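Below you'll find the structure, written out as structure tokens, and then a few comments.
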């Protein structure tokens, strides 16, 4: 049975064979690169337009459209705890600095959380004053307050 | 023996008793709120100026200056995996979306990592078009390339 | 330093000494029993009214008001995985039947989650046709949809 | 050897190909949607009528009848701890609020547990006063008292 | 605050000082030795009679009566996985032979479980034909069937 | 290479196809049902008679005789900790009540263990005074004393 | 309450203050050094003679006699997996070579185990042909056969 | 690619088909049974003579010679922690008695370890005075002292 | 889909068939042996020259060039914690002596880390004064200081 | 009872109060800084001269001499897996590159290990051609070959 995890392998292979960038694919469907990457990795439920756009640009078999529109069971595509140094550095930030970030956030917002469902994630390249490259990673999530009843 | 972990408790208590915000403390020492919070949580080596500023604004005993200037052994101040929903949501992002973020970043930068040593972390409050509050969390880290030899 | 975890011990002791039920305490502050229990266990940020109501009915020292109004760092008050049979049975339901529940929910709502932030939890006693007692546990949470960007 | 886990894959595929909903399948066999979903996921021992009903509506090979009527070895069909945000939110509720729920329940019932064997689980869609969708999840289980001997 | 875990230490000490056996204590309250041992270890909610009987025979302070009558939070009083060879051998039986026992039981009873709530546990000494001592451990639990709905 | 784990699958399949019960198979080889089940699950070294009896009644290929007579490497045929409710209930008993059972046993026998090597395990169906079915699980193991040297 | 774990600390301290070797203490009670060490570490139930001998040679308070004669709950006195290189090397042998040792043993003995209850453990110093020191560690345990029933 | 782990399966199968004992194979190559077993399990780098001897006596394909002479990556051929009762008993000895053995050894040798690299492991069958079979397991390892610098 | 992990197997096989040493392969591409080994194991992004050099000397299919030039997802090629004694000894050094090394390093450099991204790793053979072989393992990494903001 | 772990705290405190560097302490006892640091952290058995030298330069109470000369039970003085970024980077190297380092080493030395008992560890500061600081970490350990028997 074709599922999101098998589909991911073929989609990433097509992206590589066709030498398409995330930038190009994401523009084709009118979304951002990280969102588009998450769709291909199997972490989202594509709209019909998104699914058709991806099938077209990646020249996928037609049954991929439906798979892209399925609701995903979200499971990691990496070992855990993360062993890759890129991912581990993010993990390290949450492990060590999570409570400090939480403390500053609560001062601004009161009790609650930054939603990881209604969230936008972006990666940018910036330069410091000496011209060194820096990566800028942004999470922009809806603030949710705890209910009372 | 006074160490960073014992010092943290008193410093957070003083912050509360004196009803100081992270905003106020951080301005007093000329740093950002998250950086200042990390100093008090024991995740940084304060400069002499920073240490003196903190001792003064929080009216700490004088031996705290030296503790603030020590190099820390960085250990978590929370259970792990995180159980607090605020921190868990960040952990969830790394667990699920880490590889997608990595993939987009490598397309921009090639192989390497965003440093979690030479990094700046900021929290801001923004509003969406309907006036709902959103939290904006930014990581801005130096890009490091792998060496060859 | 008085914190939520130390406060919990005294508050539960007072509840017992004064032979107050969750029903009585919750009515006193105008909330439901589970919500009230969660406040005492340290899993919520009380409003000023709630905090004053609890200090009064439980005859707590005045500094408890502020502790009740703090934002909590939510950590478990039990071993994990749960060893108590009451809690384990709930854990077993999530472990085994989580994906089946998810599947039925997605058919009703599409992709997304039931919020555990904007949620109401209630416990009731009901009887079956033979008069045997049954427990009814309800989670009523806002449905959150994934964002696109 | 055909077993419940292999059967699940085909049954879920057939459900999708035939565009049947849980609602429709469950009505066909006279059960509720969550119960029906649990049967297909392999967490129950179908009666002969249920098994025949499922074989018919899903047009399964005849040997599926016997597999559906086998006693299952209940093992999770997901990673654990859960990584999918939908399931994790339920897990979070048990992790954090389990003892508070237990405390309220014992006040009503005395020592014992809500059975997860003689239990009914239902999912419903409700609306709040502003018309927002909310999910209502109910567990209705027999109360079991500890024996003395 | 006196709780079941602190009470256990004193109760076991008293048992030793007074050189009482489980046999003697259990007869005093009209229960079996394993049940009585479980009460002292903190795994049960004593009836008023049982609590009074235990306070009397062990000459406990009066506040122990109430603690014995509390509903317990059941947590292990040993490391886990078990390191003690006596307990490990039982664990080994469940680890290796659990599925074989389950299979034989389902043949007799159909799907369901042996309740560990409505259960009686006994330990006896028997002899084999050569006069060697053998231990006989019995679990006698109500059979529970899965519900349908 | 045919090994005990592969052999188990075929043997269980044959048992099902031939609609043989554990009772019937065990009588055929003159052993008890649990012992017989453990042989088929791969947890024992069959004698030549037992092996021949099983090959005959299950109509197995002749090379199964030798596999049944091999010394097994005993590994679990289930996830661990156990997720199946039947097996978990046994695990819960060891986790919580292991030390209480140990304490009662030591009072009878002194220091030592109930052997899990020289042990007999039986499952029976009994009825309580109201006619409800109960399962009776018995472990009967040689008592082993610690050596001195 | 004095228990085996607290007793161990004092007994080891006395051994050091009195500059007694394991050799000397073990001769005093007529046992071997490893057995004697295990008694002091709390892994055995001393006979009355052994307990009196230890109380005398180590000049322990009289209540130690009874503690030495208690049945122990055997729990590790070290982190696990072992971090000390001496202990880790033994662990490594079991981890890697356990199955090879098992295979050779079964060829000699058939199915069964070397008892770790009826066992004698000894440490000796030997020299190789070049005069280098070697340690000789011996386990001598009763062979136990699996029962049939 | 043929590797040590795949080679093990064939070599053990050949040993069984040819009904060779460890004793016979080890004599053929002039080594001890445990050493020989470790070579076949893939835990050693055979010399050219050993490899040729094994290829000959087991009638292995010629490419096995080279695989036997490879340096191994030593990984366990069993689950861990060990579930097989034979191996678990050894593990239990290290878990519980490791520190007592260490203490006796340091009294003889000072600080250091028994090497698990320059080590000889042997299994023997001995009888006690009543004629019962006992297993004697010996580790004979070079003593290594810690360096100073 | 050919990926780094599948490519590793073939590349290591080719190295063995062609009896090439790390020394020879590394000279061919103008790098050091450890760096070259890391490329074949899949832990680096080869430059075009490196990739072409490796394809040539190992006579790999042409599509390997592109795989060698991919950015890797770095995952371990061994069990973890390490079971191989060679790797475990390194792990033991980090486990036990990590904090002592950290302490000495901070005295020299202040707060910060030795980069494991901009790092060179080398292995050499040296002899002590008695002619015994010793291994010299060097890590030479850029020192990174923590940022302030 | 004073032990190595309690002694460490006082010794590190004295080092700080007296503003002594590892360089100064190590020169005083004629050893290297990392070795000296390991002695104070409790990972070595000091000679009488070393112990006397440390007692003198740190002005320790006299009973510290004996504690320094004890054989240590080596246990970590940090959480594990390591959370401090300095230590984690070393751990990452072993996790990912361990097998590549092993492979290169075996090519030089054949099967065996670099001893972590007869080993010297040093930390140095070096500069690259641009004057940036780099840390050089060296492990120099005796090569040990596996025995045959």
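A few remarks follow.
For clarity, chains are labelled A, B, C, D, E, F, G, H, I and J in written order, and residue numbers in each chain start from 1.
Going forward, contacts are C-beta pairs under 8 Å (C-beta built on N, C-alpha and C of every residue); 3 or more make two chains touch, one makes a residue touch a chain.
Since the structure is predicted, the reported quantities are computational estimates derived from the model, not experimental observations.
Traced through touching neighbours, the fewest hops from subunit A to subunit H number 2. Considering the contact criterion stated above, the chains in touch with subunit D and with subunit G alike are E, F. Residue numbering shows that subunit H and subunit J use the same positions for more than half of their mutual interface. In this assembly, the C-alpha centroid of subunit C lies 42 Å from the C-alpha centroid of subunit F. Each chain gets a centre from the mean of its Cα atoms; for subunit C and subunit J, those two points are 49 Å apart. Subunit B and subunit H have Cα centroids lying 51 Å from one another.
Listed for subunit H are residues 72-74, 76, 78, 83-85, 92, 95-96, 99, 102, 106, 112-113, 115-117, 119, 142, each touching two or more other chains. Chain pairs that touch, as defined above: A-B, A-C, A-D, A-I, A-J, B-C, B-D, B-I, B-J, C-D, C-E, C-F, D-E, D-F, E-F, E-G, E-H, F-G, F-H, G-H, G-I, G-J, H-I, H-J, I-J.
Partner subunit C is touched in their complex by these residues of subunit B: 9-10, 12-13, 78-79, 83-85.
Residue ranges on subunit F touching subunit E, taken from their complex, read 21-23, 33-34, 37-38, 40-41, 43, 74, 76-78, 80, 82, 84-87, 89-109, 112-116, 119, 121, 123, 125-126, 128, 132-143. Across the interface of their complex, subunit C is touched by residues 1, 72-76, 116-117 of subunit E.
Those residues of subunit B that touch subunit I in the complex are listed here as 31-32, 35, 44-45, 47, 71-73, 99, 102, 106, 110-113, 115, 117-120, 142, 144-149.
Subunit B meets subunit D in the complex at residues 81, 83, 85, 88, 92, 95-96.
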